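In the part that follows, the structures are each spelled out as structure tokens.
Heads up, the next two complexes both have subunit A, just with different partners, subunit B and then subunit C.
Presenting the complex of A and B:
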């Protein structure tokens, strides 16, 4: 039906779009970085490079969590709330509970696993659609956090309701989680690198990773293949909760008090970097390095635009456009079927 | 067909990206050229380091720039900077305190000529401010309590002067030993500082505080009405109410009015805006006095403070911006309707005698 010449041009078109899908996003990032490096002398300093990575570490780690939930076809709207919960719990444990930093870290991580467990309970056992389940969890834990701290930001040496001064304070070793560095490398950057590597190994180099993706692609097929579907979905949500609470630990150490508004802005950025991760390199499914690249892009845009004197509202627009383009690459252009699904049913 | 569509979308995507690239380079050029406009009203030439072709680089690290007060503050700071050959790089954390920490950290890494920090949390910012001082970067803070202010220019709007001015008026109106009510909230630095002054006045003037209530929410004015309404039903003989934050004051005025107690109960507030002026000037309004600064003048004053520091002409590292007490009688006698009228009628609001020099007059 088609003449040979249209067939050839169609194939060339396919090759062009495949190339754009694979490299377009990387090219945008590299171009932005080059532009800032050339025009902004302060942008290319070592201090600034590590500063940007440090700034974006909590977002990137929460984004890894979202990516993990996405592998099983889920979504987690409670990551920002989980991180905020972690900030208040860490502050409460050290300042009111008078415990050392290590104890606070353990309590926070257990809390993160519990929140992930709650999400899993709602999604897997109670069969609430994941969007609604994690939204509910978000409200529950924001409320729980405020109850625990009486709606107040807990700070070192704060005065308590009975007129006495709080017994504990943020310990130096806890604060070092964000404020410390090994040589020139800030500790949050090291934590981020380690978690990204770990996530990459888990998703791409183990049979657990393959099982997670199998569940996300088609629950029924995965079940027939003998994969314990419910177990993997539960583990994905708990892993997401754990990562969100690690992001919260970094925020707590950065702020140095139990700021009740912490984590509020984390959800959308974490979601954005995970989605960028899906689209990068035309992979078409959640992955660790893509998520990291998405976070780097956010950091580059935020820092570069600020240095260039752009107001924050223009920055939001820039971020929106870049995300829009990422979505076009991944959903509209990609030859591969994108595994990301809305709700728990597979739409691909 | 499907392939053609795909190619079209790819092209469209590339064009969009190219366009954003252009937009951002335009932004960069225009912002740097804006800073070279010379000062217009100074009666003396700019001293070093302001007298070169290259603008002085100052990073302004804000906790939030949203709302009437903060927008006015930012506009005043920007206008003053322009007049003094200063290029301001502004970061706005939008109340995300972790972001403000990162913003300040990056500002320090960029080694500007000076840094201004506007609001923020002590525990979050103190270590970074100490780091900036150690790095030799002159730094000024506005309304930020520090545990170690060594080498830092501290500026604030004087909450003490705000509370004192309006409470002096209260005592003048109702006298010692009067029955009074108090509507405020705790946990907000400015409100806590005003509360200290209130307690002093209650003790010194033997005021009989018959109720104390109030809260700050997303809609403070509305949410305080039921609280004050209940308090007034219980204590209709109260003579004066102190509500030291204009959003709360508006709620109190509403509650007094709906209980038909105008004329019997006088309300004393803090802050001023065009909306507040309407409430104060309404027929039989119980809001008889308020105390305020002009946020634009304050923002400009902070920029002048750090500019004087850079020129080696700031002789006291703590700068306070005093408030002006404004009574309902004053407003009606001068037929003031707007903030602009008020600025003209009350020159003290412009802060033109605070942190000024021949080469650095206050912008109007």
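Presenting the complex of A and C:
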């Protein structure tokens, strides 16, 4: 047993680390924003603020999907592939299938649910470990995408193998998903805000969200409490697939063609923002606003570094460092947080 | 190499103090001695100040109920848990056992309970026998097939086993479970250990396989090996052991040599200290049957069990590990299906497929393992309590915080949970208060039938009393409560009606004012000598002196083997 004085100083140390865990990440974000606001005149324009949010919307939405899978204690490595699949499927439906944008959206969303269902089938029913199952799904989806589009990027009015021109094109209403705006607010930002709000309500305010977290916190206790554990795990994966496909829709509208390489880099960014979400404010579990904050941080860094003239190839390193710090906050330092809570209990 | 009488550790000077130590082999130098051995997990002292000595040529049976500290002691002795306090001396020399490899090198060899965990599938039989060579830095880094075969043959020969090479090169995963057990034993005996620890070695063996093992163990004893034998099977111990050590709540309750006083041993194992005893004041007799089990087979080889659970009384079901207690609880709570038999609830057929079905029908289960099966770590009391009632606490799916809080406050008040408040994290509560939260959570459903599986494990007396009182209130309201425990005194304290369960069958069914401790303990013993109790059928062969008793109890129990429901009234008034 330690003497009282060492206990007190230990407790003070724990308080400091708890403070760092809770506010460190936000402090880093705010400091970065302040730095860019002061040094870069272009950074502080309204256009740039919305531009950044619009730019990061697909990442943030896919991140919300990863966060949803994480609530039940799972992980989904196929979000990037799902989004890329969505890009190509949307393009194929409109350009080759000659359908309007609305049909493309519906086809893509159904595809997203199906991919989530496949993940759930593997993880929940076939009991393949989530990491391996979703990694496999990732390969399957990327491969399927390439088969559907013959390995080519699909663009409006492209010429086909038989010499004819493709019947359809990216319709204006579909492109408006990216280019449209309500007042000054771009549509992707509105979609992101709506989904974040929806996710927050679902996870923090509804009984379904509580059940999802219960499955993640203690599967056995949740099952014994009458929660349909397998159902919730399935729904979480399907929701993740759906969100990934929405991210893909926004990417497709932004690019304006079925770029086969779209979505390739999305997985790591989505994973990063979801993990930042777990670590901010010392919450210690996946959540909507934290995920959004993580996405904002990535947007600020990418935009700021670009404006500051930092080469694009240096940006991954920056992101990596930020993610590393987030991991330290959520897994290393926050372990002391529980000690602090116990200490404050006895103190009060 | 050392003189055992002169101990090198000053702490061993006051060893062997206290307790009912009877040294049969007094004067024979000890192989391994423990002095003041304590192990703590967090603030929980699981093993307290254990002082024991093991002599060559002696089989020591280690007995104790669940959580008594047996595995903790074995882990310390086998090097698996180096974080122990006190001293362990081998041949009089104090050593610190820091790893299983080191413990084995020092002469302490352990065979763990799960046979499958001791076999590396994909490696051959010979490689499995010589597995320790792979972990040893001293050996040649290149594996030689021939050396493995030669070494394996030599090791197996110590057990008198002569397997042909065609067997030795086969995948060890293909071995039958008893052959695998022998393989592990052969491996444990390589390097001629001084002390061999066997943790429930017969749990997966058939009668004849166990007999073969006993023959081997007796031969090893003759050769001077000291053996620690952990088992719940009294018949085996009667047949095999020279000495019985009973652990309870982390301390040595007794340490006796032959002839074994099984009454005493069971008392030591199951009973609480008498000053903690708190007899059930008034025995309630229920009337209306709330739940009925008909012809259910709890264990693969047990006879069908029938049972009527009445409202208005607390039913205590007493049984050791493996008696079928948890199986019965899980059957009623929709966690498992019995291979045979039917259930009824309030007169209607009842076939829960999953826990939510049971919950809807008004059957709740407080499961055995609080941390693994009940508690949501890091969650507030409110969130822990409301988990089964999310539907009732929400409107159109939106959780209503006031309803959640109200339910939590009610639970906290009804069981006097000691906490800073309903918002506090459950992690901050003591074990007893956590258990009160869990019990209160389930009883707040207003159940028709509440099942509590080992609800008092790791729970202090005050919490136990409060939970007991709450159960009494529940029964008074007409509901039925079942408490399952391996502790006689807990059951006597809380139950109106008491059933003793052995090997999946009811051996006694009485009201608490018609019985006493002795009668309950005797029920265990009668059953033990009968079917071999939870020990399987092979005990009779070894404990031949119990043969007569066996036939007697079997015939007594005969009618109960039929599907006729067992009512408490079947029993003569005391």
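A few comments on the model shown:
The rule is simple: the second predicted complex is superposed on the first by the 333 of 348 C-alpha atoms of A that agree within 3 Å, B and C clash if a C-alpha of one lies under 4 Å from a C-alpha of the other, contacts with A are read in each partner's own complex, and residues count from 1 in each chain.
Quick note on the criterion: a residue touches a chain if its C-beta (ideal position, glycine included) is under 8 Å from a C-beta of that chain, and two chains touch if they have at least 3 such contacts.
If you're wondering where the values come from, they're calculated on a predicted model, not measured in any experiment.
Superposition model on subunit A: subunit B and subunit C are shown accommodated side by side without a clash.
When the two structures are aligned on the shared chain, A:156 is found in touch with subunit B, with no touch to subunit C.
When the two complexes are overlaid on their common chain A, residue A:217 makes contact with subunit C while staying clear of subunit B. In the superposed model, A:207 makes contact with subunit C only, not with subunit B.
Of the two partner chains placed around the shared chain by superposition, neither subunit B nor subunit C is touched by A:98.
By the touch criterion defined above, A:259 reaches subunit B but does not reach subunit C. Once the two complexes are laid over each other on the shared chain, residue contacts for A:42 go to subunit B alone; subunit C is not touched. Set against each other, subunit B and subunit C touch different numbers of residues in subunit A, with B touching more.
Here's the short version: in the overlay, subunit B gets within 14 Å of subunit C at its closest Cα pair. Once the two complexes are overlaid on chain A, none of the subunit A residues touched by subunit B in the first is touched by subunit C in the second.
For subunit C in complex with subunit A, the touching residues are 333, 335, 354-356, 358-360, 365, 367, 372-379, 383, 386-388, 390-391, 393-394, 397-399, 420, 424-425, 427-428. Looking at the complex, you find that subunit A touches subunit B at residues 10, 13-14, 16-17, 20-21, 24, 28, 31-32, 35, 39, 42, 45, 47-48, 51-52, 54-55, 58, 152-153, 155-156, 170, 179, 251, 254-257, 259, 261-262, 264-265, 303, 305-312, 314, 318, 321-322, 324-325, 328-329, 332-333.
Residues of subunit B touching subunit A in their complex: 3-4, 6-7, 9-10, 12-14, 16-17, 20-21, 23-25, 27-28, 31-32, 65, 89-92, 94-99, 101-103, 105-106, 109-111, 121-124, 127, 187.
Those residues of subunit A that touch subunit C in the complex are listed here as 201, 205-208, 210-211, 214, 217-218, 220-228, 284, 338, 341-342, 345, 348.
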